[in-house]
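You will see chain A twice below: alongside chain B first, and alongside chain C after that.
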Partner chain A sequence: MRFRAKIVDLACLNHFSRIINTIAKLAKTCILRLTVCKLYFILSDKVANGGASMWCELSQGNFFDEFQMEGVAAEHNEIYLELVPENLSRALKTAQNAKAVKIKLTNKHCPCLSVAVELPSLSSSSRIVTHDIPVGVIPRRMWNDFREPSVPDFDVSIYLPALKTMKSVVERMKNLSNLIVIEANLSGEMNLKIETDLVAVTTHFKDLGNPPWASEDGCESNTQDRDLESMAEACIDIKKLLQLLAGQQVNPTKALCNIVHKRIVHFILLHEEVSLQYFIPAIA
Partner chain B sequence: ILQCFLSLAVFGRAIHAIARISDEFWFDPIEKGLALRSVNSSRSAYACVFFSSMFFQHYCWTAVSQPCQKEKQLSLPCKLIIKSVLPVFRCVNVLERNVERCSISTNPSGHHITFQLLCRHGVVKTYNLTFQDCDPLQAVFAKHMCPNILKVHSRLLADVMIHFPTSQEEITLSVTPMKVCFKSYTEEDTDFSRTMLTEIQLSPEEFDYFQVGVDSEVTFCLKELRGLLAFSEAASVPVSIHFDRCGRPIAFSIEDLLLEASFILATLCEAEKEAATPEPACCPRPWDSSRTCMDKSDQTSMDRARIADTATSKKPQQKGNTPSMVSAKPSNALAKQEVKNIPRGSERDVPGRAGAAMAKFHSLFFGAVSYKEKEAIGDTFQSLVTASDTEEEFGALQSSQVL
Partner chain C sequence: ASLDNARHLSSLLRAVHFQDHATCVATASGLRVTVEDAKCIQANAFIQAEIFQEFSVQEESVMFRISLSVLLDCLTIFGTSSLPGTSTALRMCYRGYGYPLMLFLEEGGVVTVCKINTQEPDELLDFDFCSTKVVNKIILQSEGLREAFAELDMTSEVLQITMSPDKPYFRLSTFGNAGSAHLDYPRDSDLMEAFHCTQTQTNRYKISLLKPSTKALALSCKVSIRTDAQGFLSLQYMIRNEDGQICFVEYYCCPDENMSEAEL
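Let's turn to the complex of A and B:
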């Protein structure tokens, strides 16, 4: 199993760092899956994670100037690593003006991702900062645990309001309640509601727009016959929602959520080269 | 009796830097200036900031009358609790804007040191702080005898330290004539599968002055150093690093016309690892307590209690320091060098231990200096603040530093 990659372009490096920062806010530990073309950051929906799960996918070609990997075996040319994204985030944090960043899978005291940052210096030779991030190698027999989640059979799909606005609303609601209800309909309306013994607060968003989903095989989706005004709702942990909103460092090109009534909320955030999906289950 | 006015920002930052070392510090005015000193509870870090009288807009110090007077006199120097002083200099940036003048004064009859801030709009803040009489502590460390000397702008050091997490306790500085490397330090029993390790390599060319007489790897406490780094960045002065092999102290110092600051930190010694009792030490444990020769003073009894504690506690990596191990050490030769610097006063106090102490000497030596010893000590006392490798105005201090 080998892996080495290099980033030379500063813009790519900054973009990559921002993605890692977002991942670090969502998961304490996650899986990094490496294939020839893509990188995936995966958080599976185990109870330990509070039931939330994440799937983030990026094309390596958009970030790395060099990318070589050799998986566990020829037919399974992939590598699954368990790591703490916060470590990676920290390693990249001080690489803002690096000449180059090299990432390599090594085995010193234990399997590590070695991040070597080459920084400019006043002298002729560069300064080199090396961070050894310990990783766990996931054996092939467990790879099935980390398959891409399918888009659920949702009742309503709606574009999200400006994330910054949504974040400031949810931040204030967090002080009042641990749970938040997201409800939306096919007329582009979304409400965020909290209710406690003392107070109930609702924030209304209008004219958000509903994304068109092409139905497969021509069969009708759940939403075809749905009443446009009827709201689908789910009550979720407000902290999980805030983690998602607070972690966004750049405005996504597209941000939408799919609500399965009283079951789960599925968020999809798309940037040019990155897609992030986050699932928050509803609390009964 | 002391009265002085000063420019706040730098003074405030010095207090903050010293606060990283300990909860209390020695406030020690002398004719030539004001010294602030601090040592941490495990005696593994010592800080001293000396402001020359020229640093102050107005500095007036008059000698204390003889202690035989009936009236209780303020006998300087004294010890202050940092927590009570910090609020005075809390937000240095704000201070600069709002405070027009700050004065520090003592008076013979009071039991206070008074810090008075004259602020804008006629607001006057007066802080009366109580203190403890004590004899000052001074580290004896012959900087000029260190084989390895690096001098670098504080900006570079800050740029290096920024790569380490703020929770990083200790780091290792490793030098050869070809390269310099700072890396995170982990104890032997660290769980590597959970710890992220960071290493920074620099070329000697980045240093303003680079002298490596002996390849060495020294490990010291980063947390305590951060105070000095912040201070030197604010003062924008180059930092000099003097050190030797592992186990010997490392000194970080800055100096310019108006002030001098030194932080001396003990380093871990890993050469001797005979049956080391691993202890999750935050910072390197102190050397043998018998080395800390204290003169008779109020402070001594308190410190003796502390010393007794450390003597009986487990001593991890610095094996050479336990009283039971008086084996010949390679550092013996160096130890003898240091012994020369022991003030005669303290040798008198602990005659029996001086010989044994030589074999065990590892790092830092503290001597208490009291007014009573003034005549006896004379010029043999080398103070940290006046290392003889620096040759500017403070050369004159060498003789007057004796207290």
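Let's turn to the complex of A and C:
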């Protein structure tokens, strides 16, 4: 099992750091899956996470100048590591003006991801700061726990409103309630609602647009028969929603959510080189 | 009532937000929001009817008690940062006793509807502070006091205010762990807009009660400081909002009873 990669371009480095920062806000611990072409950050829906799960996918070619990976075995040319993304985020903070960053899987007392940041210095030899981030290697037999979640059979799919507005509103609502109801319909309308003994607040978003989903087998998608006005709703933990919204440092190219009535909300945020999916289950 | 820019209301209410609950009174002349603490201090925010684009009260006056924290969270639902050009439009409705206060806020095409439950209004303190019984009065430009109030020694239990026709004219004193601090303002200072002191008075007020007034001071351009024969303090802050309109916030405070005779 071997892994080494290098980023030299500052823009790629900053972009990568921003992605790690977003992941760090969503998960205390997550799985990093390395394949020949892609990196995945995965959070599976265990009770410890409050049932929320995450799948973030990026193409290594968009970020790394060098990328060499050898998996656990020839037929399973992948590596699964468990790590604390906050550690990686902090390591990358020192790399804001770096000349290069090299990441390597090493074994120093325990398996680590060594992040070596080469910093410019006044003298001819560069300064190198190395961060050793402890990781856990996930054995092959557990890989099935971290498969890509399938898109749920949703009732409504809708584009999200401006994340900045959504974030302001949800931030205020968090002061008033622990739970928030997201409801949306196929006419591009979405409402965020909270209700407690003291106060009820509803924010109405209109004209959001509903993304078209081509069904794979050619038959009518289950949303065709749906009444355009009827709302699908889910009541979720407001902190989880805020974590997702607050973690977005850059505006995504596409942001949408799929709601399975009273079951789960599936958020998809697409940037040019990275896609992030976040599932928040509904609370009964 | 309706208001084009909700910030005109929310920033003023924040200046009196030192307790969770407030009593609101709406009359034909406008809206008054009162917050009290410890039966010693009362803060009032006045928003005249003229500030609103639309303001109508069916009966002579309506009064209710409401959670100020919740009200402020709703008024600022679209965020507190003021981007130039964007403002939140507000519409408030109260149907009467027992009904919730309805707020309709709109910014950039997004509408938020809030329904806040109201409660029985409490008896409000009447400080019986009238202009004819004022012993000492000073009007200062707020910038002169802002730094002083922001840096008050909070280890001191009291803030002592001395007003006098003779030296030291106007003095703020604290007695904290590190020692006592005195801040004097001469009567001929540029910051002094008016100085009418008839008698030397030294009064002490619990500093924890007065500290919240710093918020009102920060927003204001002028402040009037008045005391009456019993040592009751009235602080009136003149606040100019984004559109240049004037509003007032008032703090009334009782003097601290535990004054040691030796200090007098």
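Quick note on the criterion: the second predicted complex is superposed on the first by the 284 of 284 C-alpha atoms of A that agree within 3 Å, B and C clash if a C-alpha of one lies under 4 Å from a C-alpha of the other, contacts with A are read in each partner's own complex, and residues count from 1 in each chain.
The definition used in the following text is that a contact is a pair of C-beta atoms (placed from the backbone, for glycine too) under 8 Å apart; a residue touches a chain by one contact, two chains touch by 3 or more.
Because the structure is a prediction, the values reported are computed rather than measured.
**Q** Kindly classify A:M142 by the partners it touches after superposition: chain B alone (first), chain C alone (second), both, or neither?
**A** A:M142: touches no partner chain.
**Q** Between chain B (first) and chain C (second), which, if any, makes contact with A:V201: first, second, both or neither?
**A** The second partner, chain C, only.
**Q** Could you say whether A:T94 touches chain B, chain C, both of them, or neither, answering first, second, both or neither?
**A** first
**Q** If you stack the two complexes on chain A, which partner ends up touching A:S121: first (chain B), second (chain C), both, or neither?
**A** A:S121 sits against chain B, while chain C stays out of touch.
**Q** So chain A touches chain B in one structure and chain C in the other; where do those two contact lists coincide?
**A** Of chain A, no residue contacts chain B in one complex and chain C in the other.
**Q** Report the residues of chain A in contact with chain C in the complex, numbered from low to high.
**A** Going through chain A, the ones touching chain C are 161-162, 164-165, 168-169, 171-173, 175-176, 197-207.
**Q** So in the complex, the part of chain B that touches chain A is made up of which residues?
**A** Counting only chain B, the residues touching chain A are 162-163, 165, 192-203, 205-206.
**Q** Tell me, which parts of chain A touch chain B in their complex?
**A** Residues of chain A touching chain B: 87, 90-91, 94, 108-110, 121-125, 127-134, 136.
**Q** Quick check on the complex: what are the chain C residues that touch chain A?
**A** Listed in rising order, the residues of chain C that touch chain A are 67, 69-70, 73-74, 76-79, 107-117.
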